[in-house]
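Below you'll find the structures, each written out as structure tokens.
Presented sequentially are two complexes of subunit A, the first with subunit B as partner and the second with subunit C.
Up next is the complex of A and B:
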């Protein structure tokens, strides 16, 4: 048997992974990134003469039922027309059996990179609210994302926020009015739960058995982590959003002084409520989470926090800092004048 | 195209070793040995710092014990990858053997499996593997994985060669060998086209076909070496997914 050198193994890996797009309308341009289940390439849609992103899955689909479901799910996801959701243009199968998706090519930065340039906490929170808008829209269409994390959010060149990687999404049966009833399965992809191995980095998307997709450690809800498919609903995504919110308002340890904003009890309370272990204790909907965060931004009390008198006073002070300081300055000056003339 | 297909869907070795059919069982064990003996041998040499002769005995002994103690039948896919399980079994086996060696000569009357240790030793001492660059236990785990991938690919290349011969596509295999296996950075489609006196498009087509078949064969082999669909997909990602540019 022929011995393969390291170079030969690397070259083989590299060359056999390059998707053969012959017979499709796409021309391969370059490799862009690796996702949870496959590799994303930039490609040229030769029919429409536009750049698209092609996500090519790692493993061929040998199971006809799975292929059917993949196509069905792609059709459903294609209906998620929202400015905050990357549209799926096309789905197909390569000659080697690997499934690919063609999506809008988004030029921009991943959220985790982008926020390094966003030093204002309110600006970060407004970004988060736009993510919530997209997720709330999907939920309204009966679709769960199941892998919400900073790496799956892109911020475009003009500040547009796009939630990516809906490849692991699940469609809630009871809400899937747009989905034919004879399609009971909802999961787009099936892949293994990562149990061990150095390649399984913490950022990797983890997936377990049929119909269950585990997200990313740190971002997936407890019920998702335990593979409890039956319990998965919108509140599972809300857990991930809570973790994402915490990521946005927790400056990294190496952050510069501009990022050291004060710890805020109300914001902590919002995160804590969104990431409660028990789904029933979380926000009932993404809209409720957004509403609470909007109230926080407006300096209003949030439903997640039971305020003490001191908290109320502090919040009142923060909301009306300028008028309070102006009034205080006026009163001090007035007092000084009175004291001066009554000598 | 259907004509060109390699035999599909073989049993996983894990299922096959539990089979009543002794031929199926033997085939499964052959498959397992073919994929793992070199990684095991090299791992024993480096991880346990064993001299070549002792490492050969230990490798032989390990596979014999794997047979006798039905280690594969005890493997639980839900708990770990097969290769992780086997590596841990090797560690445990070597530790036990070191203790037993004090009491009796190792490998006494055990059955021996015919393995080409000379080739493995040549690979180990050759320029391709630098033992000094493997300092930690974690690195050794990566080393084991790397050797396992190398072994899997070597088997798949051999399968592809036979597949090409059966379909009278030897030239296609040679082009694939020249371009993808030689490691020659100077090789190009144009040069191959000139060497074989064929148009560049034929080189492109030959490589495209050979790579597709290689990938399929490697995945077939991988499927055999996994205990479950979950493990298969995970391993497929580890084998083909790691930062292929």
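Up next is the complex of A and C:
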């Protein structure tokens, strides 16, 4: 009896998992990454002659729970047309029964890799503000991401920021077709409105799995970690954004000296408020969080921190360092002239 | 505030303050009015020149350099008229030029770009 080598078994296993794209407009190019529900491949859209990313479900069951989840993810993405959210182009079922959807192929780096090259704290915070824009837009469309973390944010070759992997997204409210479209530029967030009624609740349970903990430790809000899906609202994503913000301004232990920023109380306070255990104590909306961070970047007081007189003086000095130093230089020169030249 | 107006205001105020500092020198205290008026006019001229430059050239480094140059040249002319005190007049005058150059570039508002039509 002849045994196959491990290498051959691996190759066979990979070939079995390779999706059969016959009958579709796509030609498989390469495997890109693995997600929670399936694998993402790079493919060529032969009709439009462009690269797309195909997310293909692992299991060949077109009507199973995972298939429904993948279809739902595609529908969630389809309703979120925003420059900061990866657009979905197509959804369908392969000949082997696996569900897939096609989305924009993003050429870039994951946020956690990208920030290794971003040494300026304000630049990192500006990246974060763009993530906030995308999440605020999703919230305005009634969608929670529920898995915001550095690995789910891509930064493109031209600096574009894209929030990815909406597989755990939760729909807070359905948008009626009769309701006029909101202005995409207006960051208006409605008060959290959870799914009501037994029918909706049953559907939500079926899709998201009541009591099931979905998310990433360290970025998940306490209410999400407890599996209490019914309690989740925009403030759960705000918790994840707070953790993401802390990740962005905390240099890794191995970082070089360029990445050693001063410990900033205001920034710490913003993070602390966003990651409060009690949702009621967090920012009420993503736009409140980004407004506070913008104030920080402009050298203005932030709502999350009560400043002492010394804090105010330090902030004033940081904001006007150059003029203060120039005026001090002038006064010193004048004093020296008076003392030594008597003029 | 637009860059020219900011340059004029800042140049005038700093020029006047610079002139007033002569009060601490008893030897020239009698001519304080003339010194303040002259210093104010010098600041005003420097402010106008630096403000115009800031409007044309959007560069913090060049703005500071230009401010330094204008402050230096005007202070040099004043020192020449005084027949002395070069160091005492030129050094503070140059720093005032730097301050105005920095402020006009950093805090002055650039003119709005004209709307284009296709």
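The rule is simple: the second predicted complex is superposed on the first by the 271 of 343 C-alpha atoms of A that agree within 3 Å, B and C clash if a C-alpha of one lies under 4 Å from a C-alpha of the other, contacts with A are read in each partner's own complex, and residues count from 1 in each chain.
Definition applied: contacts are C-beta pairs under 8 Å (C-beta built on N, C-alpha and C of every residue); 3 or more make two chains touch, one makes a residue touch a chain.
Since we're looking at a predicted model, the values are computed, not measured.
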Which of subunit B and subunit C A:7 touches, first, second, both or neither: first
First, second, both or neither for A:58, with subunit B first and subunit C second: first
Which of subunit B and subunit C A:329 touches, first, second, both or neither: second
Subunit B versus subunit C as contact partner of A:34, first or second or both or neither: first
Which of subunit B and subunit C A:341 touches, first, second, both or neither: second
Subunit B versus subunit C as contact partner of A:79, first or second or both or neither: neither
Residues on subunit A lying within both footprints (that of subunit B and that of subunit C): none
Interface residues, subunit C side, partner subunit A - complex: 21-22, 24-25, 27-28, 85, 87-88, 91-92, 95-96, 98-99, 102-103, 106
Residue ranges of subunit A in contact with subunit C within the complex: 322-323, 326-327, 329-330, 333-334, 337-338, 341-343
Footprint of subunit A on subunit B - complex, ascending: 8-9, 79-81, 84, 119, 122-123, 128, 138, 141-142, 145-146, 149-150, 153-155, 157-158, 179-183, 207-208, 211-212, 214-216, 218-219, 228-234, 236-245
Subunit A residues within the subunit B interface of the complex: 1-9, 11-18, 20, 22, 31, 34, 37-39, 58-60, 62, 95-97, 190-199, 207-209
